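Here you go, one structure.
Chain naming follows the written order as A, B, C, D and E, and within any one chain the residues start at number 1.
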Amino acid sequence: GCGAKKSDDHLARIKEAGKITIATEGVWAPFTYHDPDTDELVGFDVEVAAAIAEKLGVTPEFKEVAFDGGLTGVSTGTFDMMANGVDVTDERSETFDFTEAYAYDHAVVVTLASNTDIASFDDLKGHTTANSAGSTYEAMGIEYGAAVSNVDTLGETMTLVLNGTVDATINANTSAQDYFNTTGTTELKVAAVDPEVTKYAVPLAKGSDNDSLREAINQAIADLRAEGKLAEISNKYFGADITAE
Amino acid sequence: MALLEVKNLKKSFAKTEVLKGIDLKVNRGDVVSILGPSGSGKTTLLRCINFLEKPDGGKLSFDGEDYDLSGISKSDIAAIRKKTGFVFQGYNLFANKNVLENVTLGLTSARKIPKNEADEKALEVLKKVGMDGYTDYYPSQLSGGQQQRVAIARALATDPSIIYFDEPTSALDPQLTSEVLEVMRELADEGMTMIVVTHEMGFAKEVSSHVVFMADGNVVEEGSSADFFDNPKEVRTREFLRLTEH
Amino acid sequence: MFNAQTLELLISSFPKILVYGLKVSVPLALIAFVLSTVIAVFVAMVQYAGVPVVRQICRFYIWIIRGTPLLVQLMVAFYGLPLFGINANPFLVAVIVFSICEGAYSAETMRAAMEAVPAGQLEAGYCVGMSYMQIMWHIILPQAFRTAFPSLFNALISMVKDTSLASSITVVEMFTRTKQIAGQSYNYFPLYIEVAAIYLLFCTVLTFVQKKGERRLGNYGVRK
Amino acid sequence: MFNAQTLELLISSFPKILVYGLKVSVPLALIAFVLSTVIAVFVAMVQYAGVPVVRQICRFYIWIIRGTPLLVQLMVAFYGLPLFGINANPFLVAVIVFSICEGAYSAETMRAAMEAVPAGQLEAGYCVGMSYMQIMWHIILPQAFRTAFPSLFNALISMVKDTSLASSITVVEMFTRTKQIAGQSYNYFPLYIEVAAIYLLFCTVLTFVQKKGERRLGNYGVRK
Amino acid sequence: MALLEVKNLKKSFAKTEVLKGIDLKVNRGDVVSILGPSGSGKTTLLRCINFLEKPDGGKLSFDGEDYDLSGISKSDIAAIRKKTGFVFQGYNLFANKNVLENVTLGLTSARKIPKNEADEKALEVLKKVGMDGYTDYYPSQLSGGQQQRVAIARALATDPSIIYFDEPTSALDPQLTSEVLEVMRELADEGMTMIVVTHEMGFAKEVSSHVVFMADGNVVEEGSSADFFDNPKEVRTREFLRLTEH
């Protein structure tokens, strides 16, 4: 409540409130989206975050928000954490303190099934790709010498490939597979897989205030992994276990 | 032969008949004053013979050609307008053009006269109305009397066969009124054909050759200026003349 | 892309999207419209009257607000406030930010409309013994409002669509709701057309209300 | 969040963002502004003159365009065109869609401004023998443009910010560029403030140009 | 004792001195006409004594109280205005109010008089100017003469000690002018104190008790109406009277 002196420890405050606020987009299947039948917020990240909250002994309170807003809110303390398939890089680790990874993924190149020009990431040089601005995949495209266009959502990127507007898109293997499954398309294929691993983790605001919370979440992830819970959730959404390295 | 002759001109707005069959004849060199109470249709008459309003019926003969007023073609309208000038009660100078451009625009744009010729002509007519010192003023920088004199110059510049004036002095104070009436008096002396809607009895009496008195959309009385003022025949005319002499 | 399945999706999603329009987008825009008009009237009056210092503050407000993106204003308000210990409801923040933003634009509209009222109206008010505020209230503002009304309503119509920016501060409105539904099937395009049609519906209704309102406000016997 | 590292980020990103403003956002807005004004003049003239069928088409255009979100218009154009075998350059599509969208709003502004020119100006033009188009060109449009200029410029200032919507059709402009840079470190907030400051800079310049322009267009000797 | 006395009133706009030290005295029941060429400062004089312009210097005594014109307080201005009425050349009726509201607003809003009393008073003064049949008309629906009569009613409604008229008929055509002058004549007959800036020589001659002739910011000549017209002393006055008799 207002006026009462707040604890200096984030975890203590969360426990005191009995709830943890979790930012998530809600528009990105199968990580965070609305179930077509029940309309409820579901997804891999949503269930993992709920399981973490349970381990912390508090109720999860999801806040659906655009990606930029979610991260900003974590850094300013509006949200306690974000669960949105946020992938870790060194540079981002300077802005946020990340927990241990709860899932692993690989970047893949998606092209038209009929495409024969692109069989590896190196083949991207001189071709056009599309990705959302600021994503890891956009950076990869630039790195491999592709001309990158920007759009907002996975659906739009795939549309561009299908239209022939761009030659390829780089995305998470998980997302690409989900797109293939959901839409049933046979016109697209995975043309190349990046051996490098992408780590999904929970970003927390910088500062010693968060040390105990990070510890607790790390512990929760370890426990959930040991219990097989993470694998269970992963199988439910991806038909595969992506939670082990 | 008359320069302009109107026969049985009719005009209604919605349900009200504003002109109920006007006949009017103007010879070259005539100065015709149109008098009448407010709402009698004087402005509407002038606007109809220059097609700013569409007449409902009537015949017009102008400069030897005959036209059917209700069915006249766009090109005939354009042709007649090129031979007439119009001076509005509210001047209607082009707000975005200076004095010189106001006068030359009808020459350069409508008649494709080269700019230097048009400027020459404009200076000539501006001199006539005493406004040649104001070529680069905008209308908003001039007094009402000055604006009206420029409007007269604009009408003169195209060498019209006839000029229509709609209450050219009614928005002016007495001194400015004198200025403008003086210019019109000179035009009359030079033989310009004019139709003048006016409330200035002095002007109507001294300058005009004919007077037409309208009421309720009809011509009630007309005649030579001397006859009309010295010897009005109709009751309505006498009543009107008495009232305006307050 | 346009097959039976898509049609089914469009039909089933229509009420879901519509309800977020009626529940979030339209109320947000309407409340912000009313508040922004209040702000606009105040700011316009301060400038019209030339109140010394306050006038400069109002100019500064207009400069800052018109010069920066609404999205950033929303984020500064929503994520900046907690830094000062204020944890406001996101819908409330959205209402306030939209009001403040639209207020700056509408203030300029209102000011122009007030300046278009002939000075003689103010003078005549003084001459029958009325005070400045009485003249504003009875004479100047009603006439200015009549002039500004169509522009203000135009702004309202724009605002209904701009509410989608509120998704950056956790307000799920009609457009974000559409994205949620599209995210299930990756079938964005048809759903975007559908939401555009719903916006069009709202705007048509608002345009109609505007016409009625203009007639209601009256044009003081002026023939058009 | 605001530490030495952030400061360094802000400094290093400033030129990167600015260059996309100068290279994309501002040119896009300026070109679209010019084209939209041409459209607006045409559409306003058609309505002013009351050209039968074309007038209805123009009303329909205004209704559709003002009623639907710019984002959807962009996407329909960009993703819809390839369905007809047209693969247009995204910047070109953005220019066209922004022009068409802004054209609808500006057409209403221009129409109101034309209707505000006293009827006597048109009549006086006829009386010196000018044709309808000559009167439009020399008299009505210059005066209407003078009246509409501040509103049109307001729209331009808004458009500079709205260019960010072009990101949905692969055009990277200033705001998307900011997102790209922020995406590397996820340090959104400070960078958003920075981009807002750059927008403010542009808008300040545009406001200045507007003032100069208003003076240049002249107010025909009217004392203010 | 004079109802209103102005001493050495001065007013400049930017560099031009428009009023160069005006003295004016008006007793209860006087009707003072102010004549003079355009630009002589007549309007500015009226506007200064009702504080629509801020005078640069001078003394005012009004209804027994003395004021310093350049340093007068807001509350004194408000108090004086409540005892005066002003009729503008351009009427300045409140465009968003109908005829009845135009007249009552000064009562209900400025003087907190109950609505029914205000309506009664308004009908009384509207009847006096012959406009009681138009209570729910808006100004834009009335002719110029009708608007000016409503403006007079609005000024009368607050029972002022004095009414200032600034060229009340100059925007009107001859017939409407007669209507308005008739109303003013009646007011004069009833003993209302008035200052009237006018170009209507007939009115000045017949109705007013005093005439003041201004030129270039000075009072050139003043006197009883009979003296002034029959026996003007100054050259400028004679020149002016000659010119306005065109």
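Observations, loosely collected:
Quick note on the criterion: contacts are C-beta pairs under 8 Å (C-beta built on N, C-alpha and C of every residue); 3 or more make two chains touch, one makes a residue touch a chain.
Everything numeric in this text was worked out from a predicted model, so none of it was measured.
Relative to chain B, the most remote chain by averaged C-alpha coordinates is A. Between the CA-based centres of chain B and chain C the separation comes to 51 Å, rounded to the whole angstrom. Between chain B and chain D, the centres computed from C-alpha atoms are 46 Å apart. Computed from the mean C-alpha positions, the centre of chain A lies at a distance of 35 Å from the centre of chain C. Across the assembly, chain D contributes residues 75, 79, 189, 192 that each touch 2 or more other chains.
Residue positions of chain A with contacts to 2 or more other chains are 68, 72, 75-76, 156, 159. Taken pair by pair, the chains that touch are A-C, A-D, B-D, B-E, C-D, C-E. Taken in their complex, chain D has these residues touching chain C: 63-64, 66-73, 75-76, 79, 105, 108, 112, 150, 154, 157, 161, 164, 175, 189, 192-193, 195-197, 199-200, 203-204, 207.
By the touch criterion stated above, chain A contacts chain D in their complex at residues 68, 71-72, 75-76, 86, 89, 91-92, 94-96, 130, 133-136, 138-139, 149-152, 156, 159-160, 163-166, 203, 205-206.
Looking at the complex, you find that chain C touches chain E at residues 118, 120-121, 123-131, 134, 138-139, 142-143, 146, 218, 220-223.
The residues of chain B lying in touch with chain D in their complex are 50-52, 78, 81-82, 84-86, 88, 90, 92-97, 105-106, 109-111, 137-141, 154-155, 158.
Interface residues of chain D, counted against chain A in their complex, comprise 1, 5, 75, 79, 82, 87, 90, 167-172, 176-177, 179-189, 192.
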